[in-house]
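Structures incoming, each one as structure tokens.
In the two complexes that follow, chain A is the common piece, with chain B as its partner first and chain C second.
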Partner chain A sequence: MTDHAVPVGGPILTRPFKWLMAIFGLGVLLLIWRFLAGLGATTALNDGYPWGLWIAFDVVTGTALGCGGYAVAILVYILNKGKYHSLVRPAILTSALGYSLAAFAIVFDVGRYWYIYRIPLHFWQWNLNSALLEVALCVMAYVFVLWIEMAPPILEVMQEGSSPFFRRLAQTTLPILNKSMVFIVALALLLPTMHQSSLGTVMMLAGQKLNPLWQTPFLPLLFLVSVVGMGYAVVVFESTLSSFFLKRPYETEMLGSLAKIMAYITIGFLAIRLLDLLYRGAFGLAFTSGWLSFFFWLEIVLFVASAAMALSPAVRANPGRLFQMAMLMLIAGGLYRFDTYLVAFNPGPGWSYFPAVPELFITIGIVALEIMIYIVFIKRFPILGGASPARSRA
Partner chain B sequence: MGKARGFPISGGSVSDKEASGVGRRDFLKACTMAAAAVGLSASVGKAWAEAAAKGLKPSVIWLHFQECTGCTESLLRTSHPAVAELILDLISLDYHETLFAAAGHQAEDALKSAMEKGAGKYICVVEGGIPTKDGGIYCQIAGRTALDMLKEVADKAGAIIAIGSCASWGGIQSADPNPTGAKGAPQILEGKTVVTVPGCPPNPYNFLGVALQYATFGTLPALDKLGRPMFGYGRVIHEDCPRRPHFDAGRFVQQFGDEGHRLGYCLYKMGCKGPVTHANCSIQDFGEIPGIWPVGIGHPCVGCTEQAILWQLPIAATVEIEHPTPPALYPPISPEHGGVSPVATGVAGLVGGALIGAGIMASKKLMAEDKATTKEE
Partner chain C sequence: MGVDRRTALKGMAVAGAALLASGPGDQAREPHPAPSDAVGMLYDATLCIGCKTCVVACREANHMPPERTALGGGIYDSPISLDGQTRNIIKAYEGADGKSSYMKSQCMHCLDPACVGACMIGALQKREHGIVTWDGSRCIGCRYCQVACPYLIPKFTWDKAIPKIVKCEMCSQRIAEGKIPGCCEVCPRSAVIFGKYDDLLAEAKNRLKKNPDRYYPKIFGEKDGGGTQVLYLSKAGISFTDLGLPALGDTPVPELSQEIQHAAYKGFIAPAVLYVALGTVIWRNKRAEAQGKEEKP
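Then we have the complex of A and B:
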């Protein structure tokens, strides 16, 4: 990890932070209601659509947005591009938050949450042919690994803290952690590769319930490739926003080169997506599927627009345009996941689903919580790189 | 079970049956199954078993006239646990020309003694049409016409059951031009209650249900205006047909052997009379073997229980359907599950719009800032 990272400092309880707390508070109240009254009373889930917003957004899109750590780690540790190192800590932080909250979302999404602890423990009951088991174990393990990766900045703060117990704890664990970090990083690269593709496998197993425009044996690969592109977009997105709100200098040059990599990955994704459709003879459905055709083309246009922007040097030099490009990419990737999990999924005649109000507000509350924890972390722990003086606002 | 023939015609208790080769348990089981088969409760079956064991078996006089013996054959072939034998144990079949070992005068004496002994109590079963033309000379047994025999036997009977379509209205003998003037038992015995069990042949359980109810309780089941028991003939075949979903979905066999025929589509267009034929063929397996009835094997129903159809309408002719679609009160095939709350869509729209708007505003500010810094530099 970079030695240059420093806490941003400043007050925590700012006015936007209080707003976020209020939104989260509403979510907590609704969550209490969900646990008292049950899923049927608080959600629009039904037997045809047992997976709704909480799976499609909180888990599937949420972990994809949490893949910044994975995407940057591929660059830094596998392709050995050291110059991106300062992006690792914030990316890992968003990953840790995204994954932790996805895991939390699972707890209130499943009906019998009190049995969740059995998934990692009751190994003699494992169904080793289950894609969902793979996802569950991998996500649980990855959350654990991400927080180990996040441990050094926390321990660094403890080391200089006032409590002698924590100081000693940090002094003994930090060297061990730093030595074993190479294995942790290897694990952190392996786990998302496994479960992000499995999130595609899960819907591949839905068979004919998924529209042929989306249903393909390449679904696991498409999910994996798009998640890497989204990972870079998240880093661009969050770095630009942090710089903007915290009045720090923009990392435009580095983010620009990330955008270029993202563009190539997106082109690869689009190539697989379209060639697969042509090969399977399903491309005609892109024009004859009514609303689904619309969503298909919306996805394609968003991906293409984002990739086209990222290929333009003018865009890559401008933080505002870079930010737009990242937004387009995140919306495209998110839409691809929503389409696969909900829009193009048809469990049979008569079934319909649109998230209920409590579902929406619980999800919004969770996002608010994620932002709050992120703010606390960057202000109190050495996450963001560079001790540059505050940038003067024009 | 196969040794049931050995069990005594009268006397003894239910437990005695074990000595005679049929276990009490098996006997009770067969009786309750027969009860269930005709839509009566299990306790009725038990009552039958008790009655049979006490020797209260009804005396049955079975008359054969213009017929093919198909009704008797199907009754003997009720395939489940040797029901054929149990019929002979549950009822006392005192006169039956096909099943008799006796012949000639011996047989006629048996008829006479059965009528004398059981006067006013025995069941008279009629199988076959009765010729009436030229004094009924076209069917005679022991020098007596069917007309005479029927009148004499039915006169002292406790109950009269006409089994099969021939006995119910004349059957194939009565088809145009009806050379022998054949009629059914109800037309000959006007003024008397004749239970008709039409069919060619009828499901043996429909007959058994009537006979055993009379034997046990001395009553007859509810009948429709043609004398058919409601439990077996209250509904038309079409209502409970296993191919009904195909009818409702508009999937029809167009030609024998076509794709739809192989896939088991509705046979209406091939002339199926199911929509107007009152019978329980579609829910009561014939002889308890699933699927062995015309529609089950891919042939349209010929309407063998209906005088107006059998031998009157060509097999290929289609019939009028009173209610082509199910009533609106019936639950739909695919009910609506889940819905879209307008409030939720509104909230989702607002949140989504706010996020996109905030994103656009942020990027605008970013671009403005960038321009300003470039100028400063």
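Then we have the complex of A and C:
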């Protein structure tokens, strides 16, 4: 914790940023259309495939990509590896963004969004048997917790700011926040453990519609384990990217040891995945399920490739290769989620789904928004540690 | 470093124990028998002549607008499957051996319904007489019920900006008025009949016993997927999978996932234990760190 986080500084409205704004603007227009015309007009969703890209990517994969904060917090706060501390803030920021936008995606995915407020409030109507309820409540709570965790850097800026009101606010809240951090961090570890596993439980209810290569009582455990691996990969990914774009030194050594941890977790994941298939006698399906077999093996190959790369010292010493390793892992974990929620989901003959163009562009717009907020945050608030702001503009 | 390792190990042990305490175990769910006031329907495919009168009657009973199906230059009220304005449908089956049959589909009113287990906020519930109805004042339109229902029954009005879930509710509005479901009222061959669940089950068993040659030797819904309040009989030689019904086995569809869910969250004990464990470890680590700092100059 010797190195202090500092704002990167520099102009916000760069040319790439304006491009992102344009992409997001298009998404907003399409979203307005979605609300006026309904889901049928703007998506390819249907009664056989009631969940599509928005659930499989924005929500399920999006929150998994938002688990960098969770994965790093396990290391720093539970396994007491203080050396990773400088990774905490950027990781929490990506988590806060990933989760907030996943929550937003739920708002435009559900058909009767005007009743959403009841999910957290109408507790007497809760169906405690519903895994989706558990996911919904936990995700909402976690978004809240993540932004509390993001408060210190914002307050630190206020403390130095010119407005006396905000200065006072920061001076009174910061110590309280710092004192209660133990409770908040513990919550920030508990909530993802709960809802990331429940995201697996959710699809258990799809029963026979989900191909037996994916349908298993181990879905919750598999979702949980793979999300931790993805969490470390996200940190490697994001740290390398910001070093590259902001011309800061790479944190190769630290990311390399993260990669090693990620590799062990991935090996654990693969072991559970394969043992479960053998135990259920479903392994044969890996060779007889046509194009689903292909997707199954693609997943396995991606996981194995990324773990193998992470175990090689040469890769771990090289920022570029580390980045490739992280990408492979994110694609592997993302594909596993896509397969479980979409590809291996088969409601029966006669149904098909492929995302419609507006659906796609809304998702792309959301990603653009996420990147824009990230840029604003690291430039204006003390998120990234290490290098001095002067060097970053070199 | 020594202190570090020990606290870390201890942390893992505590957290692990909390997770183990939440593992699946003695959490068997209670069985879901038919409620004492349960009503149901019995569809006998050997009697159905495919006239589709019930499809029209269902539309009228539920005040649904006619379908506008464009076919070969004309427009017909001729839906090809259940949809946002069709709660009941008759389809034909034809086997390679020339055997043929009709098949009626609508909600099965499961004894242990997957859709009810799915719905976060109790919009779908087993209400009076065990009928599964949809409450529009609760539904948020998440469509998890559609993902969950093994019979693909709940439909969504995709073309509407203010959409609904549409499914057969066994004409509960008519039953409340002392009438019987529209489809059962009009069937000219009594291929689909309405009655008390127990009576219908006895009737189905009776038909099987009296005419074993006429029927496929099984009552669909007696046990399938935990049992359903709508029961089916099929012609000899035509299985229920031929007619498009899934082979679910006798276990209720929501059983396994709910057992896991209950094991992990019963009384919220496991999460609470895990929370305290996590908090303790974090606090100890922080304290160790602070002490370490003091010791070092």
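Just so it is clear, the second predicted complex is superposed on the first by the 383 of 394 C-alpha atoms of A that agree within 3 Å, B and C clash if a C-alpha of one lies under 4 Å from a C-alpha of the other, contacts with A are read in each partner's own complex, and residues count from 1 in each chain.
We adopt the following convention: contacts are C-beta pairs under 8 Å (C-beta built on N, C-alpha and C of every residue); 3 or more make two chains touch, one makes a residue touch a chain.
From a predicted model like this one, the values you see are computed outputs, not experimental measurements.
Student: Once both complexes are superposed via chain A, do chain B and chain C end up clashing or fitting?
Tutor: They clash.
Student: Could you let me know whether more residues of chain A are touched by chain B or by chain C?
Tutor: Answer, by number of touched residues of chain A: C.
Student: Go through the superposed model and pick first if A:Pro220 touches only chain B, second if only chain C, both, or neither.
Tutor: The answer is second: A:Pro220 touches chain C but not chain B.
Student: Quick one: is A:Gly348 in contact with chain B, with chain C, with both, or with neither? Answer first, second, both or neither.
Tutor: Both partners, chain B and chain C.
Student: For A:Ile364, is the partner it touches chain B (first), chain C (second), both, or none of the two (neither)?
Tutor: First partner only.
Student: Figure out whether A:Met327 sits in contact with chain B (first) or chain C (second), or with both, or with neither.
Tutor: The answer is first: A:Met327 touches chain B but not chain C.
Student: With both complexes overlaid on chain A, does A:Gly25 touch chain B (first), chain C (second), both or neither?
Tutor: neither
Student: Quick check for you: in the superposed arrangement, does A:Asp47 touch first (chain B), second (chain C), both or neither?
Tutor: Touch status of A:Asp47: both partners.
Student: Thinking only about the overlay and not a real complex, which stretch of chain B clashes with chain C: 74-82, 236-244 or 308-316?
Tutor: Of the candidate stretches of chain B, chain C runs into 236-244.
Student: Overlap of the chain B and chain C footprints on chain A, residue-wise?
Tutor: Common to the two interfaces on chain A: residues 46-48, 348, 350.
Student: For a test of understanding, state which residues of chain B touch chain A in their complex under the given definition.
Tutor: Those in contact with chain A are residues 332-341, 343-345, 347-348, 351, 359-360, 362-370, 372-373, 376.
Student: Which residues, counting only chain A, touch chain B once they are in their complex?
Tutor: It is residues 44, 46-49, 240-241, 244, 318-321, 323-324, 327, 348-357, 359-361, 364, 393-394 of chain A that touch chain B.
Student: Tell me, which parts of chain C touch chain A in their complex?
Tutor: Contact set of chain C toward chain A: 4, 7-8, 11-12, 15, 24, 81-84, 114, 116-122, 138-144, 146-148, 150, 152, 155-156, 158-163, 246, 248, 253-254, 256-258, 260-262, 264-265, 271, 274-275, 278-279, 281-283, 285-286, 288-289.
Student: List the residues on chain A that touch chain C in their complex, please.
Tutor: The touching residues are 35-41, 45-48, 50-51, 77-80, 82, 109-113, 115-116, 118-119, 122, 125-134, 136, 182-183, 185-187, 189-190, 193-194, 197-198, 201-209, 217, 220, 345, 347-348, 350.
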